Amino acid sequence: MTDIRVTEPPAHAEPRKLGGPRFRPGEAAFRALLLCCLAVGIIFLGVLLTYVLVEAWPRLDSRLWNNFPSIRRPERAGAQSAIFGTIWVVAFTALFCLPTGVMAAIYLEEYADPNRWYNRLIELNIQNLAAVPSIIYGILGLGLLARQLALGTTVLTAALTLSLLVLPVVIIASREAIRAVPQSIRQASLALGATQWQTIRRQVLPAAIPGIATGSILALSRAIGEAAPLLLLGAVTYVAFNPEGLESAYTVLPIQIFGWISQSREEFHHLAAAAIVILLAILLVMNAAAIWLRNRFSKRW
Amino acid sequence: MSPPPRTAAPDPAARRSLHRARPRYGERVIQALLLLAALVSVATTAGIVISLIPPTAEFFGRVDVGEFIGGTEWTALFTKPEYGVLPLLGATLLITVIALLVAIPVGLGAAIYLSEYASTRVRKVLKPALEVLAGVPTVVYGFFALSFVTPLLQEHWPFGEGPDFNNALSAGLVMGVMIIPTIASLSEDAMAAVPDALRDGAYALGSGKRVVSVRVVVPAALSGIVAACVLGVSRAIGETMIVAIASGNRATLSFNPLDAMQTMTGFIAQAGSGDIPVRSFEYKTIFAVGALLFVITFVMNMISIRLVRKYREVYE
Amino acid sequence: MNHESAPDPATHRQDPVPDLAAQDASRGRSMALAIGDRRRGRPVPSLDDPVFHISDLDVWYADHQAVRDVTLTIGRRQITAMIGPSGCGKSTVIRCLNRMNDLIPGARVTGKVVYYGENLYDTEVDPIEVRRRIGMVFQKPNPFPKSIYDNIAYGPRVNGMKGNLDDLVEEALTGAALWDEVKGKLKANALALSGGQQQRLCIARAIAVRPEVILMDEPCSALDPIATARIEDLMAKLASEFTIVIVTHNMQQAARISDYTAFFTADVDSEGVRHGRLVEYDTTEKIFENPADPRTEGYITGRFG
């Protein structure tokens, strides 16, 4: 912007014609460069998916979900315990973090006075937590939940840790959904003599639910793919049984994949790729559900 | 002005008072419960700090702070342990720099395209496509770095000896792609917040789109863009799975990206996934490195949040 | 009432509203002179039976004083209009009458709004109870994204009103002159109605909780002339039962429907900040035919705007 050059027009210049659009090589090259930037990400994604699928192909069969892991016999190994472990852990993560996250979002959007220091602190804290490395949550789970509270390295500890990890994501998404409900709806309700909670429960929440659900699914899909914190929480052992309760030992798909990647034998490499396909398929279904929800209940006002 | 009232209001006793008929304890209880839920997030931070401090204090009871910060040997899990964190810190730094060299230009370019060039329809398709990248689990990135990118680099390395089986380069490159959506999406938000009046001013002077984007929009959105980059740094420093899989478990102080090296997160993952007794000193080292990692990312996050507030204040 | 049964064929006929377009056209050129046009058959304006005594009302939004020193009395079962240029504080004043200003962060009210002997701003007063008794209709129709039936039933439900809900819904819709148009489709989404119908639905929703006063904040500003005429007819009808306060940016509307008119204007202070102020308050006839204040005259004759 500081680059200002003043050039005197030539003394007797003919006025230049405002002809059709000129080809500007600089503009075109810049535009191409920007498109390349976008392409980098998308091509990378394409190559990654293709590679994983190709590598997985030899092992993509029913052994994967029917069998349990095996260290010595990769040709018989499967990921059933990891699949079930993932379902257990994520189900309880949802149970813990969704109510808490939605309630916190309601508080921050509908009740909190942003001029109060403690509300500002909560807000700042959530923004920070959203960017705290996931392995730090593992340390929290290990130090506080597994050891101090003596919960051990169980499904419960894993679910609680992942709940805290995705809580900021749930809160931020729910707040956006609640904020999208027009103020006029709240005013209409309050002007009829409804209390604040009646207004929230009967008008704001029903209108915000699709948005909250979309955000929650995306948050949970983050929990499904998360491995780092669970490394510290005992998921890295070979678990040859499905979880039977909150106290049970467990493993999950990303950790199982990590375990197989660390093996040197070629068969485990294909096994890891096959398990990745399962993991990505689960995430794909969840994301599709989120997009469907968003479009199905897109704003009506 | 207004005609004086001639009669008093009807007998107030005959009417129901406007005073609160019942105290509505329910409303209060609900508000308290909601506040409590919001406080869970504060408790989480408190929990992190509480779980970090005692073992870290014990660690520094035995290891000199100067030795920790300045030492160039990290062999915490060996029989003759050394606790110099520089190899871990150096590896973290190197991989972060590689990742940012990929993510900042590419992410920024994508953001400029999405914000300044793409039509609404194109943006609606491309933005979610880019965000899919952010949804891929990091263990998958790690797998890809180790078994696709590294062999590719080894095969086609043009100068001399290629990278090791575990190396910082492929971990950094793949991590860079992972961070692209973070930088692109936050930068695009910042650019979208730049008022059109600024753009119009430049167009009215006869500037082309490229000049307007680079000379007007980017400078105006700079604090938001920097915030996005800082957040990208924070994510790179904290990323675990990619480095645990692709860059190796050997803590070496080296700035050669072709070498294997171990980052802070890589060490925590390695030490934490083994079966370490609580009372052992190795257990404490996890927390000491964790505390350092938490402090670094905390500072980064605060800078980023500050910067985002700054541009919001200016334009919103 | 059986709102689920098949729609009565009769409902599909145009309901017998007088030909409003023609009426409007005949009124056409001399709209401003049509004082009390819709007041035919209504009693002589009177403040003998007051509902509100507003005295020394000041409203602040954070550091900005939006309204300064307003004092006026509003009579029972009268239609009181508040007019004036934009930024004159008329909407702010009407929102003080049911404590809707409480919902704006940083809003502060001083002075008194005495409602049947009780100051609405006493600390003991429950704003929920205030809003239950003093209903409000907003500028833009704001039905809930629910069925027509649920829109009307919402107020009675949250207020725990006893009685047959179906009857209540029918009564409210009839009262708002909407029943004949919607009785066959009470389960339909309220957002499918036309703008004018939506606004009448909002009026029906307000009267369903049986308030004593209905506040209307520019209720017709988002509507076309025909829908506006219907709402004006409706207001005249409702005034036999309710006290109505209406803010309008349309002087002709105030002249047509109201018994009393308050004219507000904005003082601009030395720093260029606007403060709303009440200039003149009297019967509508007096305000429009023989205003006491030259500023009022200037406004209604269109010299100032």
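In order of appearance the chains are A, B and C, and numbering begins at 1 in each one.
We take it that a contact is a pair of C-beta atoms (placed from the backbone, for glycine too) under 8 Å apart; a residue touches a chain by one contact, two chains touch by 3 or more.
All of these numbers come straight from a predicted model, not from anything done at the bench.
A.B. asks: Going by the average position of its CA atoms, which chain sits the greatest distance from subunit A?
C.D. replies: Farthest by centroid: C.
A.B. asks: Does A-B or B-C have more contacting C-beta pairs?
C.D. replies: Here the pair linked by more C-beta pairs in contact is A-B.
A.B. asks: Mean of the CA atoms for each chain, then the mean for all of them together: which chain is nearest?
C.D. replies: Checking distances from each chain centre to the full centroid gives A.
A.B. asks: Centroid from C-alpha atoms only, then distance subunit A to subunit C, rounded to Å. What do you get?
C.D. replies: Spacing between the chain centres: roughly 48 Å.
A.B. asks: Where the CA atoms of subunit A average out and where those of subunit B average out, how many Å apart are those spots?
C.D. replies: Distance between chain centres: 14 Å.
A.B. asks: Could you give the separation in Å between the centres of subunit B and subunit C, each centre being the mean of its C-alpha atoms?
C.D. replies: The answer is 52 Å.
A.B. asks: Which positions in subunit C touch two or more other chains at once?
C.D. replies: As it turns out, subunit C has residues touching two or more other chains at 128-129, 133.
A.B. asks: Pull out every residue in subunit B that's touching 2 or more other chains.
C.D. replies: 24, in rising order.
A.B. asks: What are the residue numbers in subunit A that touch two or more other chains?
C.D. replies: Answer for subunit A, listing residues that touch two or more other chains: 195.
A.B. asks: In their shared complex, at which residues does subunit A touch subunit C?
C.D. replies: Listed in rising order, the residues of subunit A that touch subunit C are 113-115, 182, 184-195, 198, 202-203, 207, 300-301.
A.B. asks: Taking the complex as given, what residues does subunit C use to touch subunit B?
C.D. replies: Checking each residue of subunit C against subunit B gives 47-51, 53, 71-73, 114-118, 120, 124-126, 128-130, 133, 278, 280-282.
A.B. asks: Taking the touch rule as given, give the residues of subunit A at its contact with subunit B in the complex, in rising order.
C.D. replies: For subunit A paired with subunit B, touching residues are 1, 3, 24, 26-27, 30-31, 33-38, 40-42, 44-45, 47-48, 51-52, 55, 99-101, 103-104, 106-108, 111-112, 121-122, 124-129, 131-140, 142-144, 147-148, 164, 167-168, 171, 195-197, 218, 221-222, 224-228, 231-232, 236, 254, 257-258, 261-262, 269, 272-273, 276, 279-280, 283, 287, 291.
A.B. asks: What residues on subunit C touch subunit A, complex-wise?
C.D. replies: 98, 100, 103, 105, 128-129, 131-133, 135-136, 138, 140, 142-145, 154-155, 158-159, 191, 202, 205-206, 209
A.B. asks: Which residues of subunit B touch subunit A in their complex?
C.D. replies: Subunit B reaches subunit A through residues 24, 26-27, 30-31, 33-42, 44-45, 47-48, 50-52, 55, 105-110, 112-114, 117, 126, 128-130, 132-133, 135-144, 146-148, 177, 180-181, 184, 202, 208-210, 213, 215-216, 219, 231, 234-235, 237-241, 244-245, 265, 268-269, 272-273, 278, 286-287, 290, 293-294, 297-298, 300-302, 304-305.
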